[in-house]
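In the two complexes below, chain A is the common chain; its partner is chain B in one and chain C in the other.
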Partner chain A sequence: MTADMRRSPGPSPADPRVVGGLDYSIDHHVPGAWHLRLVRSDVAAGRVVDIDTTGVESDVTIITPADVAAYGTFGCQIADQRVLAAEPKFAGDPVVAVVAPTPEAAREAAASIQLDYDEAHGVFNEFEAATASAPLVHTSHASASGDAAYFAMRPLDGTNVCHRFRIRTPELRGYDEPELIRELPPLDDATMSDAFAGSDIVVEETFRTPAAAHVPMEPHATTAQWVDGRLEVITGTQTPFNLRQDLAALFGLDPADVRVVAPAMGGSFGAKTFMRTEAITAVAAAFTGKPVRCVLDRDEVFSEVTRHASTVWMRMGATREGRFVAKQMVAYVNTGAYADCGPGVAQKLGYAGVGPYRFDHVAVDSYCTYTNLPPAGAFRGYGAMQSAWASERLVDMLAGELHIDPVELRRMNLLRDGDAFCTGEIMHDTHFEELLDDAAKAVAWNDGRDGKGVAIILKGMQTPSRAEVAIHALPDGRFEVRSATADMGQGAPEALTRMAADVLGVPPEHIVVPPPDTDLAPYDTRTTSSRSTHMMSRALAAAADDLRANGTVGHGRIVNDGGLDPDTGTGVASSHWHQGAAAAHVDVDDETGIIDVRSLYATSYAGRVVHRAAAELQNEGSMIMSLGTALFEELTYVDGQLVNPNLSEYNIASALDGATIHHRLLETPGAEVHGLGETAVPPVPPALGNAVASLGYHPCRLPMTPERVLASRVHPRQEAP
Partner chain B sequence: MSWHMPTTVDEVLRLKASKPDATVVAGGTFLGLVIRQGLLDSDEWISLQNVDELRAFGTAGDLSAGAMVTHRRIETEPAVRRDWPGVAEAFGVVASPRVRNVATIGGVLADADYASDPPAMLVASRAVAEVASVRGMRRVPIEELIVGHYETELDDDEIITRVLVPRPTGSAAYRKLRTRSREDRPAVSVAAVRETGGVRVVVGAVSDRPRHYPDICAEWRPGDEQSTREVAAAYADRIPCLDDGRGSAEYRRQVVSVEVRRALMQVSR
Partner chain C sequence: MKITLSVNDRSVDVDVAPSTMLVDVLRDELGITSARATCGVGLCGTCTVLLDGRPVSSCLLMAPLAIGKRITTVEGLPDDDAVVRCFSERHAFQCGFCIPGMVLTARDMIDTGRANTPEEIREGLGGNLCRCGCYVKIVDAIEEAAR
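Then we have the complex of A and B:
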């Protein structure tokens, strides 16, 4: 890292993002493109028995489920989705596509089509979906074969569980256990009684998180066209190579015959990952022989993909002195109608819920369950938030029982270099104690604890994973960096520019970074899990070495091996750990339940910072997003129908809500570049929850609305005379 | 679809008389939402954007605001902040500056949305709307103008041209309780305005229209904690509260008694 890079300010006034000059996916207009609208199911479960298209003008192309029956199923981890649904599985499932010369004509045609259904009973809650009497959303489970299915799936046939992830530390293995835990096991359960035998105090609780929306400012926008037998797709996506692979499989093409171009996205937060509107748009282009454009309306974005609602039941045991002995967790993760990357979320939620602590024994069962809600997928924080909410609230409950200070109790049990995590991997480069102390200091922990709370988390990076990058020396003396790292507002091109300039020893003005194009850029796993700056920093160093050795083109390739056994949780969960802490100081109005956030602080381990302004914005953005999660964001469904698909009824945090946040990037000179795109997401809700709990409440359910806060009061308020 | 852009009030009234089904657009913040949500469609639109006389503004006697005066103007105008601080407060807590820069006083009354901030304070302040049509002009107290969910006393050929707020003779409080983001609408709002011989307490955002009960207000003894609690409890008992995403009816009932009490304590001083 050179001094110049460290001093650099944020985006310059001429930055195209600042002056409105950046072409997002939605701005890419291919001449002659027709327009796609989807007719969506009104029912959450059932079968379409009639499609009445008599009101549709003759120049409109109508595509029905029967028209696309020849196409197979797709899905990044489980192949459970069809291009159009004859048997819709959530309210909003696309049933019919119409393609017309103008957006208005497409909208009019879609509105005139009438669907008739044979409606069926649906199931909506993740815990109820796992019961024996629940209707089955899918009757079979077919694992996907693409790169995104990076671990063995463990579907439980005859149930709504499409994946079960387990952790059993060595002494808890070999017991005869039910495949699916449908009732929370009692403490004298045979398997666990030994695990908790050494505990003087055991605490347990159930914690809930609802579905939530990503709310990218730019909706999903895709244009597809067929050019000389090749499929070309321009779309906002974090996963260009996964998408190329899945589209190729759907159309029976060689992946090289699919081109995915990913212009900058106006926000994503996980919403634009894997196959979204690209499949039907490409099919529509094939049907019409024209370029086809599909842009979702805001209400459609709310149901395109969501965050996993979850029910997490957790038990912890400790000695009287405060040493953690055992943890047991059973989580039900609501993946909605289609699995998407839900199995991966269930896995990451599973190990993140153990937290950055040493335990003698750990047992985790994390079930990814289908329901008749919109599909849930990647969401900033990726499951770690839902389980950290449970884990870090429970640590404070335990501290209360033990009469030990919550910060001290954490400190006694934190993972340090050389300790084994529950997966068996040995921890390295740990900074938990420093983060914890920093968070506690930020709220003056030692000056009284009323209204204060802390939380500390670990979060994994996508493992295994592979990053490749090519540096081309241009004739004019500049260098072009070809990478599939997508720009979703996090400033990927700027980070790539700075890192490339650094390894090549040239000024940043000599670096050119075009948007991801699978025809030009080499393979990269995807732009998720805060992996890209970390992985690309290493790939770029290798590419620069190669360029120096080989002349005009340098190629860098970094592979991180690892992965977890789905039945024992053994292996390498993450080659690189995201480590973060948060602290909150709140007042609670005991008559209205309103939480007044006096101060909210997050501290994230950053290693070596590449671009200070962007890194700070990532940390702040994570906090603001998670503040909404903690206090008010919730997708509300009534019988499977979303009742708040707009921004007046689904509030996100405003500038005023974020007025009291402050934060820190914990740096180590010369260290590796660390991902930090979401590190501050998971610790914020439990830090706020613990702060609220310190005032005599027991919040277990997100968001902590004033009404729920009042209902969670531990000691009933004395009525005024 | 036709979009009309009249430049005088007379022109607006003639248009409205000839096209009683036409939708009148002021700032567009409310209509924009309901159109996007598919709740409203119209073949004829009359925009008030170019009608300069509807932006007339005066504070010499009563506060006089033309229908097209923005929330932001009322919030920031020094004379309003000084002499009608409760009114400035109620307009200043609406949504965000982006919304307040375009939302108008005529619009917020005509749309009669139960969850808006200004109506409760305007009712408490004895504000009156001037309502005009080709048939003439009449004055309607805001208390009588809003009759239910998105429903006003306006006839099909009428528009609001001006709002008059008398000069306050006592203190005022506006309390807005938000349960979600800081840009949200209120879950409960309470406007309390002292006047000679009493107080006007109006509760907004908890039922179909602002709720004012003179008989309950008459029982209030300024500074007396017992009567303050009784008035607050009586408001909570009397109002038929509704459920929505901002809070359940039960929660609202509970909070109405808290917030009315607090508002009355504020105007006791």
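Then we have the complex of A and C:
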């Protein structure tokens, strides 16, 4: 029945994605699979004291925390998570799994199980979690050893801080400082007074961003089975090799005995990275001896992984003429109950918050703190949005104090080729000035600036990282490109096809790109941080050379070294930089606080474009998602309980919101390929915020809901002091 | 209960509980995976199908209520459908999860003369969400298909 209801490949040039011809993870069915449902904690913190399963039918397999106690902990950067939680750490933490022959039976069984708790006090805010009196979410910190833990961890024992990342430019080193800053430092703080000594004007402010949801349209869907002692997992994931490594560690297997197949995803945006439902699904398959399928409900997707909420305090000093002197930042990043890749996010947020500017002195403390909220992980932008919101709003505040045009002030201080970033690395291939001018022009900056705002950002690419690809010459004359680059809608197969055709000098029809399968594809770090097109373009060129030399199989391997010292921030943050700017023109209704976006523009450095439509879509999609971030997206928790886990109360942008969007890809023929998956994400909220601020408001907190805008009104209208 | 449905101009018999939603019948009984439940509450449009030519959310429609009506999914559109062609040519998709629902909604908008301007098209798409944010190209594709 299945096959003949499908459209047969006819003369129509219909793309399979348009006519329902593409199978996502959720569409993959393994015959005989049983169905998994999770019974989740109602409490945000505590201990489960009783699990009442008397209502469950006898053919249902029940798995409790005690049943899986022999399995160790896992986590991509900190091994802090268990397959099931006897001591739940957020409302929604899986406590019991049930596995039944049908989805209905599994649902019924899960609903009939009663949990009793010994409830404990939780902590929910990232800043409060860092205070001395906060209850500890985890009593100890254990760094992970897998490839995703690519930098030295600085957990602060006895606190909720699981990682502390610091930048201290050379003259700010060697002071005796507390490990954890729990109160925002006064300006005469001995360490920093030197840094700001050369400043005529100093501004400071605290900025906040909430937790947010990725909302991939396709939920997480995983099928696991054991075949002759090997584990096979079919799952939508951006990180097939990290997942293979973590699953192998959990089951004590050789990684070669774990196979991860990653079909196309119906969206991810970071939601399908590292270990998600795969661990419990694989355990359930081991328990039942059957293939097991797990598909999350929409409300579960909302709490599976979120974007890090943040509190970012920032201080900036400049000379009267507008030369930037010093920046200090203390950021608290809310990673929820499990660290996931929060340490990496804290690091990236830390250096991205410095912005694309020259400073004499930079001091950053970025703390990744545990709370009793759902875990936060990778989210399009990876921390750069949170700190760009602070940094770019603060630049406009400084411009106001200095009476210097905000575009002009930025231009005076932008990083140019040959300048040193705060990490010590020397900038190259910089395009900031061009991007800034382009953004300003898009909103006719010189024709009056009321209601207008600009922002400019830099964002790192995953560094260090490694990419490998293999090209197999097929007997029929075509070439198969085997890579672990996952397809989440960004057009990975198309980009690989075009790049491979290019380096091999054959038409694209001669290229075949199967979905990632760790049994076939060589290792790849992961499809994140807009790195894949860039890394793969280089790896493919190497693979083509190897193929020419060796006949039937060509291997290409690219390694980017780098990384940052966690105590000084010295090193190589990024082997190349994502650079972007945005501009906005808005009206604000001063009765209601409603922001009317008249135009929103983003301009991103693309280098060489591989696939024009896909590149444009990345830019447009980033802007639209970030428009929601700026104006309305927020996961709302009351005492750790999520109150809007559905699309009627958690709004995402619709076609109506997309009406005012324009953008540009800044291209340099023959240049390196630059990933574009996230570049337009960070500059959009501050461009909108600065536009709103130009009308006499002082927004410091996202999203800029009408109530918050009204409450931020500066009386009288913000004027030169 | 045993019911007979007309799906893409074929008559099919299925045996389902009376409260089964149409989207589940299409996916689980008939293997038509282009209808997709995302929100389950009638807000996102990924489950859109045409019922006698008009778009409905199949996540909210109990299958027996579709008896005697023509159900059309994207697989049932003619091979040379202009909406399908324009979405494909203009690359109006990223992950594609929302696209079949968009195509069917657009088909109805065009058939009923409600796709005359970009503003009208955006209004008409209010119940079809695309998290990948392909709206600019989607609106362009529909505008072209309507010509």
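For the reader, a short list of remarks on this structure follows.
To be clear about the criterion, the second predicted complex is superposed on the first by the 702 of 721 C-alpha atoms of A that agree within 3 Å, B and C clash if a C-alpha of one lies under 4 Å from a C-alpha of the other, contacts with A are read in each partner's own complex, and residues count from 1 in each chain.
Here is the rule we use: contacts are C-beta pairs under 8 Å (C-beta built on N, C-alpha and C of every residue); 3 or more make two chains touch, one makes a residue touch a chain.
No experiment lies behind these values; they were computed from the predicted model shown.
When both complexes are overlaid on chain A, the residue A:Leu504 reaches neither chain B nor chain C. Once chain A of one complex is fitted onto chain A of the other, the partner contacts of A:Asn644 are limited to chain B, with no touch recorded for chain C. In the superposed model, A:Arg298 makes contact with both chain B and chain C.
Using the contact criterion defined above for the overlaid structures, shared-chain residue A:Ala687 touches neither chain B nor chain C, since it reaches no partner.
After overlaying the two complexes on the shared chain, residue contacts for A:Ala581 are found with neither chain B nor chain C.
In the overlay built on the shared chain, the residue A:Leu666 is in contact with neither chain B nor chain C.
When both complexes are overlaid on chain A, the residue A:Leu656 reaches chain B and chain C alike. Touch counts on chain A: comparing chain C and chain B, the chain ahead is C. Once the two complexes are laid over each other on the shared chain, residue contacts for A:Phe632 go to chain B alone; chain C is not touched.
Judged by the document's definition of touching, chain A residues 298, 646, 648, 652-654, 656-657 lie at the interface with chain B and also at the interface with chain C. Listed in rising order, the residues of chain A touching chain B in the complex are 298-299, 591-592, 594, 628, 631-632, 636, 643-644, 646, 648-649, 651-654, 656-657, 705-707, 710, 720.
Of all the residues in chain B, the ones that touch chain A in their complex are 33, 36-37, 96, 177-185, 229, 245, 247-248, 251, 254-255, 258-259.
Those residues of chain A that touch chain C in the complex are listed here as 1-3, 5-7, 10-20, 22-24, 26-27, 214-219, 264-267, 269, 297-298, 488-491, 613-614, 616-617, 620-625, 646-648, 652-659, 661.
Interface residues of chain C facing chain A in the complex, by the touch rule stated above, are 7-8, 10, 30-34, 36, 38-41, 43-44, 46, 73-75, 77, 79-80, 84-85, 87-100, 103, 118-119, 121-123, 125-126, 128-139.
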